[in-house]
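See the structures that follow.
Paired with chain B in one complex and with chain C in the other, chain A is shared by the two complexes that follow.
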Partner chain A sequence: MVDVIVLIKQMPDLEQVKIDSNTREPMIKNVPKTVEILSEHAVEEAVRLKEKYKGKVTAILLGNEQSSAIMKKAFAIGADEGIIIDGYEENNPANTARVLATKIKEIKHDLVILGNQSADSITGLIPGMLSALLNEPLLGNAGKIEVTGTTVKVTRILEEDNIEIESPMPSIVSISQEINEPRLPPVMQIMAAGRKPIKTEKIAPVISKAVTLVSNRAPRSERKKLVFEDMDKGIPEVVKVLKEGMK
Partner chain B sequence: MNLVSVLVLAGILIAVFAFFYKLYEILWDAIKIPLKKPRMKLDLGRRIYILIRNVFLQGKLFKDPFAGIMHALMFWGFIVFGAYSIDFFYVTIFAHQLFSPGILSDIIFFTVNIFAGIVIADVIYAAVRRWGLKIKRYQGFNGFEAAFILVLIGLLMLTYFVMSVLDMQGLLAGYTFVVRSGAPHYLEPISYALASIIPKAPSSYVYYIFWSAFWIHALDFMVFLIYIPRSKHLHLFAAPFNVLFSTGTQARPLPIDFEKETRFGATDIRDFTWKDYFDFYSCTECGRCTDNCPANMTGKTLSPRDIIWDIRETVMAQGKEYRKNRDNPDEVFKTVIGDPILEKDLWSCTTCMACVEQCPVMIDHVPKIIDMRRSLVLNQGKAPKESLDLFRNIESYASPYAIDPSTRGDWAENLDVVNLSKNPDANYDVLYWVGCVASYDRRNQDIAKSVTKILKKAGVNFAILGSMEKCTGDPARRTGNEYLADMMIKQNVETFKEKKIHKVITACPHCFNSLKNEYKEYGVELEVYHHSEYINRLISDKKISVKALTSDSSEKYTYHDSCYLGRYNKIYDAPREIIGSFTENFEEMEKNKSKALCCGAGGGRLWMQETEGTMVSHKRIEMADKINASTVVTACPYCMTMLDDARKTTNREDKMNIQDLSEVIAKRLE
Partner chain C sequence: MKFLVFSENLGSLSQMITYLREKGEVIGVGIEKSSSEAANFGASRMYSIKGDILSDSAAKLLEELFKKEGADSIFLSSSILGREAAGILSVSLGVGIVPEINEISFDGSKAKTKRFYLGGKTVLEEESEAKIFTVSPGISDAIKSDKTSEVVSIDAPQSKIKILSRQSKKAEGSNIEDAKIIVCIGRGLGKKEGIESVKPLVEAVHGEIAGSRPVCLDYQWLGEDRQIGLSGKKVRPAIYVGVGVSGQIQHIAGMRGSKTVIAINKDKTAPIFEEADYGLVGDLYQIIPKIVEKLS
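Moving on, here comes the complex of A and B:
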């Protein structure tokens, strides 16, 4: 039996984020939220562990009422319980880790699984911070997870060789994308997921201002939008433009 | 009654019983096992028409002319021989003729005599085709069955001639208690001719010759009757009904009601309809389907014949078991996917409909293949990896591409096109449905731009939906993800209703087929035109005029039929007429119109890797090259993508161009 808590991050759909041409800041206000890519792999892995060793999968997501679609996806893949923590919308790793750790402490678990870094902010800080706050060992960048008794063994797949590490549970495992291919859930499960209740818990966290966001801007780039329709004439023209650009 | 009549009567009763008992069994299976209902409408006119065309006139068989003529003669021969046989056994049993002498009996006996000769020639020709010429589609299966049937038919005809020649020679007078005799010479001309060549047998031999012929003839007939429903010759009985029951919606999968249904797609033999069972029973193993299958032709193991035949064998075996063990259906009915039908074969299908088009007995392979894909996708979440990405994209971005949907109408920027998502209250007469590929794919955007140019030139007041347009659901549907397709269809239907859209033009045959034929089932009636029809009309109505190609031009055009335009919607002429409007430098490729070779992209295959065998698109490009075409005209963004790619990867860039119909016209507008 392995009880797993899996952490899901929601993020703005990066394909749909545009850059404001004046301020050069990303315009994320009305961009639809989607499940962060690695989080989906994390849910998949948690469910695979459940299928292999039995146990329960609890998914935790920082979000709000609109996040239920993302939680339903986790249910469809096979998560047993889902908790949406509503009331924290910042994107500051130290605070995020604190909010998560508070919740995780309340739930009995053997493993906490999460992505090693998120696809939008790419800080990679959360796993380490959680490890410190929860006082549980961190096995990072897992490409494979195995459990024997009360021990978890993780394989990190590197270019040249594989590294295996293990630790007693409970522990935290951050995963890399190669670990699995998220499944397409069967329709019956998708429909059942739609009917499953989601717990939403309101919180009002104490926010530390130790680190603050100074600016988030895209580098300035200018597109000339030149189109060369004619293949034969186009190539010399492109070469000319490139040469000029290099000067 | 004499001993002979009693024996023959007993034999016939046994054979007839065995025949009907088997029919009873297979009908029982077809009624009791399937859980799904076919789409059935009365449609009497169409049914009578296809019955006459495809059964009595053997219409679909002539797609393969030699085999077609052979089979048609065999078929007509059978009908008259059937009538003759009823009379034959009637005479044996009751000692007088059923058809008393007169016009009817004259016609029967005359035609039988002619056809018996033809059928013998046919049997020889069939044997030569199968074992002499070794025609590909007959190879590799059930040779014994084919040989056995040919021997039965051959012997039946030979023994008929033996008796009939004896009669012509006046030697049957002593046997009138079992056979008809004294037929006039003009009624049996072949026998009469033979009788005058073959010397009369000494009377002591006549006894042996006659009785051997008689008994071989009678027993042969009985064996045949018993054997028919237990072999591929079941089609003699099943095929006419299969044609009569055809749904008129061939190659179109049934929608799924996700609120009510619980079994999705086809996993085991319960997941078909009784009409599908008639499909299975009707298959003659002729191999025309597989012979024309683009996947099979390019070295993939997919064979539509084997799919049908494998399920048929499963129905026969599991049906038998179920008749014995009715309490545990879940034990009896095991999945057909994996064994005997390979998953990879299901994914190889391009849903091109060539198999359906060719099948002489109107078997509908495509929905069965899609239903088995549905079983994999909807029940087990199994699909090729690229298809999973396809599903994810359609779900998140309403198109097969991971591109921000708000940019869907961007291709039309600066072209002064009414975009309903930006200008919702604009007036327009027709909606131009662009489709995903022409909206996002760089090469295919040129199609959208050309269509725009033509419509503008003709003064058509049209609009596009811009970011309100979403994938029609076709790629998801054909890949088996009906859940996603259903979602997309419903969203689009909502838009059509809200915007009160009725008249639609599209340059994509896949969108065209969905909107025109499949959206009806979701509650919108649309008047949909493919751009080939529309542009052709603009030309013939003189709304646009097209510059003719100069007579000294060395350009040579050919046209590649899109499956979803051609076979699915029977639009073959409009595209050719459009090309004809500006040039006569046109030549057909091998395999055109209803026999056209697919480009390899349908059925969601545009978004899958083609790793088994060779590429379908390469085969098509080779056909275009064979006639030295300099421009291959297409009418579908999928075909454009595949053929343009094939042209490049096979190093034909310098000598060949792929152009959409809209592009060739837009360039020549005057």
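Moving on, here comes the complex of A and C:
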């Protein structure tokens, strides 16, 4: 038996974020939220572990009422319970980790599974922070997870090598995208997921002034932008630059 | 100011030391196989870790050294290990953290930092009293100093995690992060065999071949170690040549540090032309042989 908590992150659909040409600031207000891609892999992995070793999968998502579609997707893949923590909208890793850790402590678990970093802010800090806050070992960037008794074994994917590591449970496992290919749930399961109740828990807003935002703007390109459509002109120019660079 | 700087990667460690040595005293922390080389970049001391290092033991070691050295802040490269250790450290030291920085300056104890946000679409400029920073690769070129650091050997602390085995990933040739000229292919190549048409250009400029995310991850035409982008490597060659690369923002974030950018693409509206110094609009299969011919 392996009881798994899986953490789901929602983020703005980056494809739909446009830049205001005057202020160069992102226009993010009405951009719909989508599930962070690694979270889908995390849910898939949690469900695969349940299918292999039995146990329960509890999904936790920081969001609001509009997040139920994302939770239903997790249900359709096979999550048993879903908790939406409503009221935390900040984007500060230290606070995110604290809010998550508080909830995780209330739930019996063998493993906490989450993505190793997210596609919007790419901080990759949450796994380490949770490990320290929960005092559970971190097995990071897993490409494979196996459980034997009360021990978890993970293939950790590093930049230059892969290492096989293990620790006793409970522990935190962050996953890499290549761990699995999330399934496309059958229609019956999607429909059943729609009827499943979601627990929503309101929390008081967390306010932090640790980091002050000065600006959030699209970077300006300072390139020359000499674009040639006439190759008789363009190619000699490029060849000149390449020859200069080879010196 | 005194900075404690850690990376298990020689390139990142020497870049960070180069970048920070103008701003204060640097104490380096590296792994045994690279510390003697990393001692050439101007750190006053270089701790050389003996034994396997994992994120919890790295955090423990850095916490000890931070206190022992009386450092003002800690910089870790934003590798898998570095990010994890930074997260643990920020909790155990109870101090603020700013991740993925690509620029920093100090105003008293206040740190002014910049980092990419929204998948690289925007840059966040922030001010904080943070003491821990993860540093995006390529913050600076690595430039040797005439000062050699004193190397101090130090044992890796015990980890809660047991390492059972280690398997080295076979890298295809050399490291793209060290290349002077990079020829980067994108999905505009159309087919894997197209690489054969690009290779003569790579050879003619004595460069390295690299790829965008789809090329390296989705189609696997090239190895993962050749991927440039937010989720891959961040490079800063003298010349970057994008061949059939459309220029998605995540890719741009990985090559923005290039000195000169050349782009070849048949789509005049491809975003890469906004990030290029020189652009050629046309069929890469016709353009490349002409460039190669003129180079020889």
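The rule is simple: the second predicted complex is superposed on the first by the 208 of 247 C-alpha atoms of A that agree within 3 Å, B and C clash if a C-alpha of one lies under 4 Å from a C-alpha of the other, contacts with A are read in each partner's own complex, and residues count from 1 in each chain.
Just so it is clear, a residue touches a chain if its C-beta (ideal position, glycine included) is under 8 Å from a C-beta of that chain, and two chains touch if they have at least 3 such contacts.
Quantities reported herein were computed from a predicted structural model and do not represent experimental measurements.
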Exercise for the section: Once the structures are superposed on A, label A:37 by its partner contacts, choosing first (chain B), second (chain C), both or neither. Expected result: neither
Exercise for the section: Have a look and say if chain B or chain C is in touch with more residues of chain A. Expected result: C
Exercise for the section: Examine A:107 and indicate which partner it touches, taking first as chain B and second as chain C; both and neither are also allowed. Expected result: neither
Problem - First (chain B), second (chain C), both or neither touched by A:242 - result: second
Practice task
Considering only touches as defined above, state whether A:191 meets chain B (first), chain C (second), both or neither.
Solution key: first
Exercise for the section: Starting from the residues of chain A touching chain B, keep only those that also touch chain C in the other complex, and list them. Expected result: none
Completion exercise
Touching chain B in the complex, chain A uses residues 13, 15-16, 18, 34, 181, 183-188, 190-191
Handout entry: chain A to chain C touching residues, read off their complex
Key = 12, 14, 17, 19, 25-26, 28, 93-94, 97, 116-117, 119-133, 137-141, 153, 156-167, 174, 210-219, 221, 223-229, 231, 234-239, 241-243, 245-246
Fill in the blank from the handout: So, in the complex, the side of chain C touching chain A is made of residues 9, 54-56, 59, 78-81, 83-92, 96-100, 112, 116-119, 121-130, 134, 160-169, 171, 180-181, 205-206, 225, 230-231, 238-239, 241, 256, 260-262, 268, 273-282, 286-287, 290-291, 294-295
Problem - Interfacial residue positions of chain B with respect to chain A in the complex - result: 258, 262, 264, 377-383, 385, 388, 391, 396-397, 402-406, 481, 483
